[in-house]
Amino acid sequence: MNEALYDSIVLDRARHPRHAGRPAAFDAMGAGENRMCGDQVSIFRVGSTYRHEAVGCAILAASAELMCDAATGKNAGEIAILAKSFEQLVKTGQASPELGDLNALAGIAQYPSRLRCATLPWSALKASLAGDPGAGDRDHD
Amino acid sequence: MSQATQPLDVHKLREDFPILSQKVHGKPFVFLDSGASAQKPKQVIEAMRFVMEAQYANVHRGLHYMSEKASDAYEAVRDKVAELINAGSRDEIVFTRNATESVNLVAYTWGRSALKPGDAVAVSEMEHHANLVPWQMLRDAHGTALRIVKITESGELDWDSLEEVFADGKVKLLSLTHMSNVLGTYTPVERLAKFAHERGAKLMLDGAQAIVHRAVDVRAIDADFYVFSGHKLYGPTGIGVLYAKAEILEQMPPFMGGGDMIASVGYQNSTWAKPPHRFEAGTPAIIETIGLGAAIDYVRAVGFDAIAEHERHLTEHALGVLSQIEGLRILGSAQDRGGVISFVMKDAHAHDIATLLDRQGIAVRAGHHCAEPLMGRLGVTSTARASFGLYTLPEEIDALATGLERVRKIFA
Amino acid sequence: MSQATQPLDVHKLREDFPILSQKVHGKPFVFLDSGASAQKPKQVIEAMRFVMEAQYANVHRGLHYMSEKASDAYEAVRDKVAELINAGSRDEIVFTRNATESVNLVAYTWGRSALKPGDAVAVSEMEHHANLVPWQMLRDAHGTALRIVKITESGELDWDSLEEVFADGKVKLLSLTHMSNVLGTYTPVERLAKFAHERGAKLMLDGAQAIVHRAVDVRAIDADFYVFSGHKLYGPTGIGVLYAKAEILEQMPPFMGGGDMIASVGYQNSTWAKPPHRFEAGTPAIIETIGLGAAIDYVRAVGFDAIAEHERHLTEHALGVLSQIEGLRILGSAQDRGGVISFVMKDAHAHDIATLLDRQGIAVRAGHHCAEPLMGRLGVTSTARASFGLYTLPEEIDALATGLERVRKIFA
Amino acid sequence: MNEALYDSIVLDRARHPRHAGRPAAFDAMGAGENRMCGDQVSIFRVGSTYRHEAVGCAILAASAELMCDAATGKNAGEIAILAKSFEQLVKTGQASPELGDLNALAGIAQYPSRLRCATLPWSALKASLAGDPGAGDRDHD
C-alpha cells in the first residue's frame, strides 16, 4: 500500500507537535479556514519564531509544524520564496533540497483534494506577515 | 429475519454495473459512497445511448416522428415515477434537476404564496443543507420564521421538541428528512404526517436517501410534498423529482418562466399551463429523464423488498464489524435505520481516514456531508461515512474493517 | 464567398451521428429541426458512457479516486466553456439546466437585487418566451417595468424604437436574442453593447441559437450576461450555461440554497460560496456537463469558421429553392441571418405541412416556436420552420423543397 | 407516401366547408382553443343544426365540418354517444360503421400530437350543450 504521504515525519509531527499552542504574547498572527471540511489554523509570530494552533487532519498539523520549523529565523522575503517552492512541491510532487523536511509532504501531489490541507498554514502565515489577521484563506473549495 | 423475499444475487447484479469491476490504485474498487451518488447499471447507460442514437429530438412541440417518440418516452417516465411512489396521478410529478431544486421550487412558489410573514417552517437538526438553506432564504426574503426540531442522543426526532415547536400554532410546514444521510435514521413519516395535519401544517419529506432503500408510498404516508434525485436511485445526474398533491400544485404559481410552462404569452401578460408543465420551463432533461425511467424499471425489477432486506443485512453486519474496531465511534443509533453509517476514530481525522482507505481502493466519504449544523450538534467537525447500495457485498464491508484497522495502526 | 476555410466534409461528419442513418416511415431521415435541439455525435454519447462506466462518483466533496476523477472532468468543462466564449475567467461560467434557467437565474438574483422598482428591462419583439416571461414575472413580483423594442418589417431591430425605449433613462437591462429562433436574424451585438453601456444599462444576450452557428466572443462583444443550452450545441439535455462578468456575479445573491453553494451553514445563518459555486446548488448535472465538454471539443475540432461557412451556403441555397415554391412565404429577410428559416404556405396550415413532410421522413417544426407574441407581430398564428446543423446536406434542403411541392399540390 | 389522413373527404371539407361561418342568430354556442398552436373553434347550435368557425389546420376544419354533419338532428344523449365513438376512432384508428364520414379521420391515430386538432370541435360542441360557452378545451397540451 502506498501510504507514503503518511510517512514517519508527517505522522510524528502531527502527533508530537513542537510548535503547537497559542503563545501568551505574540507580534503578529494570521488565520486560515477551510470551511468545506472544518480545518482551521492560526499562526503566531513571536520575534522570528512561529507557533500554530491547528484543528484538522494530520496533513494540516504536520504542514503547520514543518512550516514553523522552516520559517524560523527567516524574513518575509525569504519566507515568500520558501512558500513558492512549497507550492511547487505539493503541486508537482518534485522534492527540492532547499525545502528540507518539508519534502515529506511531496506525496500530497497525488491527492489534489487534500492540497488545501497542506497549504492552509502557509496562507495563514502570509496573512500574519501581511498584518491582516483575517486575510487567510477562507474559501470553501 | 424475514425469509419472505428471495435474497438478492448480488454477484449477478454487479455484472450490470461496469464501473464496479474497475481497479483503483491497483486494488479492487470497493465503492461505499452510494449515499452521495449511486453507480449506474448498464440498463440506464443503454437507455440513454438508445435515445441519443435512435429517438432523439426536442419534446412536446414537435409534430414529427422523432419528437413524438422522444415525447412519449419522456412522458412515460412520469407514469413510472407516479407508480414508484404511488402518487394519485401522473400530474403530481414535476421533473426538476435534483432534490435540491425540488425543495427550492417549493420554497419559492408555495412558500411565497401559501405562507405569510410570521408563519413558520420547521425542520430538524439532522437536515441536509438542501432542506435547510432554502428555508433560511425564504425567511430572509419573505419574513417567515424557521424553527429547528431537536434530535435525541440516538439521532431520532425528539417529540417533545416537536410539540414545543408546534405549540403556538404558527408552523405551517414541517419539512423533514425521510432518512438522514449522516445518521441513517428513518423518520416515522406516517405518524409525522398525522401530527402535522392535525395541527394544520403540511408535511414535506426529503426522500433523497429514503427513496433508494425502501418502497415509498406517498399516499400511505399522506405526504404533501416528496422530493428526491435520480442520481442516487441508480439513474443519471441532472434529473430530480418533486411530488406534490394535485390540489397544492394547482394553487402554486410558476417557478421559472419560459417555454413549455405557459398557456399563452403576450408581450404584456402570460397565463400558465396546468401542473406539472407549469413548473417545467424550457427544454427539459429529456435524455436524463429517460435514463431515470430505466433506473426505476431496474430497481423495481430487482424489487424493493429484496433491496431493503439486503441492505438491512449489510447494515447489521457493518454495525457489528465496525464496533469491533478500537477507538471507532459510530454516530447515531436509531432503531429504524438504513444503509448509511457515519463514524469517527480516535486520533485519526476523517480526511486522513478517507485518503488512507482510498489507497486501498475503498471509497468512503469524509466531511460534513452537507449537514454542517448536525456536525455541531454531534460535537464533531466531520465524519467518515460508508453507505451501501444494492450492489454492495458483505465482503466489501469486511475490506472496510480491515482498512480501518490499518488506519488505526498508522495513527496508534 | 470566402475560400479561406476548408469546406466541411459533411458526409464524413454525418458518420458521427448515428441517428441520421435511421429511416423514418421507411424514408431516409431528413432532420431539419436542429434549432429545437441538435443531434448528438458519437463523441458525446461515448463521453457520457465513459464517465458512467469508468469514472463516476459525486463531485467536489469526495476524497476518493472516482470522486476526484469525476470532479476533475466536471471542472475541466468550465475551462472549455470559458475558452469557447472567451470569458475572462472560468469563474464567470455558471452551469444551469438550460438557457431558460440561466435567464431566470439572472431575473431572480440580479433582477431582484440590482434592479429597483421603477427600473426597466427592455426586450425585443422577437424574443423566445425564455427571454420574455421571466421579465414579466420579475415585473409582477418586484415592480420593474418591461419594455418592448420593435422590429422592422425585415425582422431586424428597430433602432428608433430602441432609442425611444431608452429615452427616459430607466432601462437598466437590455436583454436580447443574439439570433432569432424564428426569423434567423442575428442582432448587431457589439453595437448594442455600446449602446446599452453608454446609457448605463447592462446587456444580456440569449445565445441559445447563436452559439451553435458561429464563434462567440463575449469579451469582444462586451456582453454582461450570455446564456445558452448544451442540447442545441450537439451536447446532452439537462445542461446550460450562464456567463456573467465576474464583478456582476460577485454581487449577485444566490438563487437556490443547498449543498455546494455555501461557505458555511448554521441552523440560523449561512454564508455563500464564491461564484460560480454560489449558483450551483446540489448535485450538478455531472454526466451532462462532461457530455457538453465533449460537444465543445467536437464543434471546435470541426471549426466554427467552417461551420459558419457551411451554414451560410445552406441558408442561401434554402432561401433560393424555397422562394421558388408557389404560395410559400418566408418570414424575415434580415441582412445578417443564420440557418433558421420560417415560412407559411397559402392554404396549408403549418401543422398540416409538418405532418405531411414527416410522412416523407422530413422533420420540421411547426407552431409558434415559443415566440407567441412574435407570431402576432408577424400576423400569423404559427409557422413551419426548417433549421440546419453542421450535418445538414444541401440535398436535404432539396428534399424539403420536393416535399413542400407535394404539400402544395395536395392543398392546391 | 402514406398521406391517408389527408384523403379526399378531409381535404375537400377543409377547403369547401358547408357549415362554416357564424350564424346571425343561434340557440347556443361553445368554444375551444389549443393555445399551443393557436387553433380556435366555435360551435353554434341553430335549432338542431350546427355551424362552426374554425381557425387552424385542415384536420380541425374537416373535423368541425364532419361533426356538424353528424350532429345535425341528434339530441344531447345521441351526441354524447357519438362523441365517445369518435374518441375511440381517433385513438385506435379502428373505423366503425355508425361514424359514417367521420371515419375519414381514423388516420389521426398515427399522429398522437395531432389528436387535439380532431377533438377540439367536439370539446366545443360539448361546451355548447352544457350551456357554458367558455367550458371548451383551453389546455395547452
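The chains carry the letters A, B, C and D, assigned in the order they are written, with residues numbered from 1 in each.
The definition used in the following text is that contacts are C-beta pairs under 8 Å (C-beta built on N, C-alpha and C of every residue); 3 or more make two chains touch, one makes a residue touch a chain.
Remember, it's a predicted structure, so these values are computed and weren't measured experimentally.
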Inset, instruction - Kindly indicate the chain pair that has more C-beta pairs in contact than all others. - result: B-C
Inset, instruction - Mind checking the centre-to-centre distance between chain A and chain C? Centres are C-alpha means, answer in whole Å. - result: 47
Legend entry - For chain C paired with chain D, centre-to-centre distance based on mean C-alpha positions, whole Å: 38
Legend entry - chain A and chain D, separation of their C-alpha mean positions in angstrom: 79
Inset, instruction - Spell out, as numbers or ranges, the residues of chain B touching 2 or more other chains. - result: 25, 61-63, 67, 262, 264, 351, 355, 366-367
Legend entry - Junction residues of chain D - those touching two or more other chains: 36, 111, 114
Legend entry - Pairwise chain contacts, counting only pairs that touch as defined: A-B, A-C, B-C, B-D, C-D
Legend entry - chain B to chain D touching residues, read off their complex: 60-63, 67-68, 71-72, 262-264, 273-274, 277
Inset, instruction - Flag every residue of chain A that touches chain C in the complex, lowest number first. - result: 35-36, 111-114, 138-141
Inset, instruction - State the interface residues of chain B toward chain C in the complex, per the touch definition above. - result: 18-19, 22, 24-25, 29, 31, 33, 36-37, 39-40, 44-45, 48-49, 52-58, 61-67, 97-101, 103-104, 107-108, 125, 128-130, 132-137, 146, 148, 229, 231, 236-240, 254-262, 264-270, 281-288, 351, 354-355, 357-358, 361-367, 369-370, 372-373, 376
Legend entry - Residue ranges of chain B touching chain A (in the complex, touch as defined): 25, 347-352, 355-356, 359-360, 366-368, 375, 381-382, 406, 410-411
Inset, instruction - Would you mind writing out the residues of chain A in touch with chain B in their complex? - result: 1-3, 5-6, 11, 15, 36-38, 55-59, 111, 114, 117
